[in-house]
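Every chain is named by a letter (A, B and C) in the order it is written, and numbering of its residues begins at 1.
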Amino acid sequence: MPASGGVRTHRMALLLAGDGGPPAVVAAVDPGQLLAVAVDAVAFGLFLALLGVGITLVFGLGDVLNLAVGTFAVAGVLVAVALVDLGVGVAPAAVGGVLAVAALGVAVDRTLLSLVYRSEGQERVLLGIFVTLGLAIAVDGLLVKPFPGSYTLPVEFGVVRVGPAPLAAASLATIAIASVVLLGLVLFLRHTYLGRAARTVFQDETGAVLVGVEPRRVRSLVFVLSAAVAGIAGLAYAAGATVGVASGFEFTTFAVIVSVVGGVRSVPGAAAAGLLLGVVVQFASFLVGTFVAEMLLFVVAVAALLARPEVLG
Amino acid sequence: MRRRTFLGAAGAATLGGCVNLAGGGEGGPITVGAIEPLSGPFTPWGTTHRDGLEFAVEEINADGGVDGRELSLTVTDTASDPTDADSVFRRMVENEGAVAVTGPVSSDVGIRTARTAEELSVPLLLHMAGSEDVLSRDSRYTFRTALLPAPTTMRAQAQLVTDAGYDSVGAIIADYAWGESVQEGIDQHFPVDVRTRVAPVGADDFKPFVRQFPEDLEMMIATGHPPGAVTIMRQQFQLGYEPAVTTESGFPPALINDALGDDAARGITHTHLTDVYSEEFRAVAERYAESTGDRMGTHEGYGYVAGQLIAEAIRQAGSTDPVEVADTIRSIRFDTLYANPIEYTEWGELRNQRQVYSGYEAGAPGYYPEADYRLTEVFRTEPLAPYDPA
Amino acid sequence: MSSYRRVGVATGALAAVPLLVTGSSSFERTLAGLVVFALLATALNVAFGATDQLFLFTGALAGVGAYTASLSAAALGVSAWLTLPLAALVAGATAGLVSWVAARREFTAVLVAILTLNLQLALTELFVGASGLTGGSTGYPFEALGLAAAGDALGVSGTLVLYYLLVALLGLSLAGYVRLLDSRHGLAFAAIRADETAARAAGIDVVRYRTAAGALAGALVGVVGVGYIGLESYVAPSLFAFLRVDVLVLVVLVLGGLRSTLGPVVGAVVVVTLEELLRLLITGYDTVVFGALLIVVFLYFRQGIVPAAEAALARWRESGDAEEPA
């Protein structure tokens, strides 16, 4: 390290020792706190599951890896916050946020995605990646002007004591919302016409056309649905934490990693991967440190890619 | 409700930027630069500082300017990226002839731009940027304004701990220069063992970190994580923690009040140099409220002081040569909105300042009756000796 | 005009520019930045253009080169010129390893893109997190190329010295690129791009050629990384971020012309000019324009400026020929 001074030596100590002080396992951690962390972890995992499902649905249906999914998640929160500032209640504002993101989804589908769908195969995948990346960058640039800082939903959440465990009400709310949405998606895919049509297109596009399904319409509707899911995910997250325009790219990264680990074209895989990764990362963050947790996430993603490349084709 | 008379001038200055406007030359307006974080994790500091600075420049120009010449303020958003801040700084000096520049908040930005200030020989008035690594014994063009360096600030907080007799103290620090400096300051000065956790600068969820602390935590030090301070405060209360005191590094108080509401009165302690209890501050704040309709806080105060300091230095130097302006600042004794007059050491550290610690209570200050909170003094330090890097 | 001639003309033109506009240090910095990106795009041209390996980690590779050179120079107490080869080696080996693994598993361009994107993000995290070694997000100053001293000796700024060094490197790299494509390597690359399975069946060792291309690209990026920190006189993780480097390099290459020799140069000139114009005209909306540019380039302008210009020129010539009397 080409500099001298006490601060540098301390940085070395931080590198070696982890995040300041002995890890929590060494110091006595009470089981109540551990249960509370587990609840937080499940909430985060379900949040990741929603993001992963959002990106997987669209990729599976149309070969478009939507790198703007994180921006959608953030946009929903920002619109909701703006509505609250205008005097709207939190719940209607949240709904407003989701609707705004869905509308954005419609606009993107009508314009950009139509152009992307003109290509086929590998070319479409590459095009989809760069067009959605450009979209994310452009929308972030637009959002940062009216929303330059960090924002949260102004909901009063407190502690819910279950025995010795101080559970965060915010996490419980996230779990509730995310579970309902995921369940809803499962029911949608299994039991509605549109859902079954989507699954058909997922598996065999030609076959789908033969049975009278219009892939383009199905893709549009599912894209808008995925945007709404992303918006809900963002709002669920913002209930307990803060969100800013820069969080968008971070969420997209999570979504891509979850999708890759879950098998990229598998919705249940994405959900499971999200939950698993979320729980592991949060526990790693609590027990060891954020740096290790983040590295772990990337290592798992790279390992998954190397292990099963055929799924991305 | 804001009057932005000078952003128009700033736009013109930027357009004409290719040609070296020699903003310090004869006659024309004097260019002052502001490199502020107007987006990103340090936005609250940038926007408030800019507002106070713009008001100061407006007042000075309304009063005839500096020796008959108007001040022209050019403000650019750095988003707290050190590389972008550096190139904006250079452009302001080289293309627009800025005589002095102010604004750095993040210590990473401070460290980077301080180096450039020394290279370009142009005075740089830091806003926050409190890492002690920003200034060295050889610094001649970089000056602190709002935040005393980590060793000094943490020594003051250590005094608070000793006086109150707290045993269970926790700290969350951010993974960058300032956070590390705060950690060092804690290690060196605190009389008790402090449990610390390190979080990324951009972290938006502090639950895993807060949960590390024992439930009977008496004091939480959020000083080491400025961008996350508000989230830390919100989440600690959400998770059932009740520390008697939570310190920060100087977070614009209006935003803490907006985010926490009544919870702000649960021991959140604002660190500041601007003496909001003084007559001078009240007078300026009243004029500010009249002109903009907004409340002047401690950080608008820092922006105001920066503007006034630059103008005064140019006046006293009788020149717009940046080198002479810097020399004047170094030897100035400027009585302004702080408890003690501004004076500097040879290397740009503030001398003899009293750091004030205030809590929040419901109510309104005299100069802004529509407010729903006011600051109340918890304690102020003795005049503090400047940190010597040697 | 033969390819080598073109390279010479382009290099000569770049060398002449500072002579026309003197004395502005911010202009010199902009020029040097332009050449840095032209170089990175040339490297990407080898990886992506020649062998379909969509590297999305040029930023991180530049960082690997930069940290290797600067930290070893500081540790050994020598000039960074001596550790430059080490930077090339480490960055080249990293990229080569990635290429090798991807080629063995028969990754498509998309898979390589996602893999390298992950690596880009992981490495930038590592640069910040391993703060004991790298100085974390704050970084540290870098003067070990001795540019300022060289500048003083010649009576110019250190930045100008760096500029000419980079232009020389660009000339060499472009000439090398032409040479590479002219050789049997180039033939093999073309075969692999046309039909990978057929190439393999014909006995072409796809893995070996891809690995070589990746390693070469990585080595060049590593060296350019050192030039980059020389320009900034600083080393910090944010210099190597995805949104700052990778996206820009990709736009430069695709806009200029993927698989064309001068595409990187033309692309860099256009993008940098656009950036400067935006800075003057629309303060604050440059990311929006940049995002839109990314979309437009990939949707409508994938061919690139140089190939489009060549095609237009060829059509013009043809129509001229057709009008000649029989």
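Rule of thumb we're sticking to: a contact is a pair of C-beta atoms (placed from the backbone, for glycine too) under 8 Å apart; a residue touches a chain by one contact, two chains touch by 3 or more.
Computed from a predicted model, the values in this text were never measured in an experiment.
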{"item": "Overall pattern in which the protein chains touch one another (line/ring/star/complete/other)", "value": "complete"}
{"item": "Contact-richer chain pair (by C-beta pairs counted) among B-C and A-C", "value": "A-C"}
{"item": "Centre-to-centre distance between chain B and chain A (centres being mean Cα positions), rounded to whole Å", "value": "35"}
{"item": "Distance from chain C to chain B - Cα centre to Cα centre, in angstrom", "value": "39"}
{"item": "Separation of mean Cα positions, chain C and chain A [Å, integer]", "value": "32"}
{"item": "Residue numbers of chain C (touch at least two other chains)", "value": "129, 131, 136, 141, 284"}
{"item": "For chain B, residues contacting two or more additional chains", "value": "133, 175, 177, 180, 200"}
{"item": "Two or more partner chains touched - positions in chain A", "value": "11, 14, 144, 291"}
{"item": "Complex interface listing, chain B residues touching chain A", "value": "38-41, 43-44, 47, 131-133, 173, 175, 177, 180-181, 183-184, 187, 195-200, 202-208, 211-212, 215, 227, 230-231, 234-235, 237-240, 259"}
{"item": "Chain C-facing residues of chain B, complex", "value": "11, 14-15, 17-18, 76-77, 81-83, 86-87, 90-91, 94-95, 107-108, 111-112, 115, 133, 175-177, 180, 200-201"}
{"item": "Residues on chain A engaged by chain C in the complex (per definition of touch)", "value": "1-3, 8, 11-16, 65, 112, 115-116, 122, 125-127, 129-131, 133-142, 144-145, 249, 253, 256-257, 260, 291, 294-295, 298-299, 301-302, 305-306, 309, 312-313"}
{"item": "Of chain C, residues touching chain A in the complex", "value": "54, 70-71, 74, 101, 105-111, 113-115, 117-119, 121-122, 125-126, 129-133, 135-136, 140-141, 243, 247, 250, 284-295, 298-299"}
{"item": "Complex contacts: residues of chain C adjacent to chain B", "value": "24-26, 29, 128-129, 131, 136-139, 141, 232, 234, 236, 238-239, 244, 279-281, 283-284"}
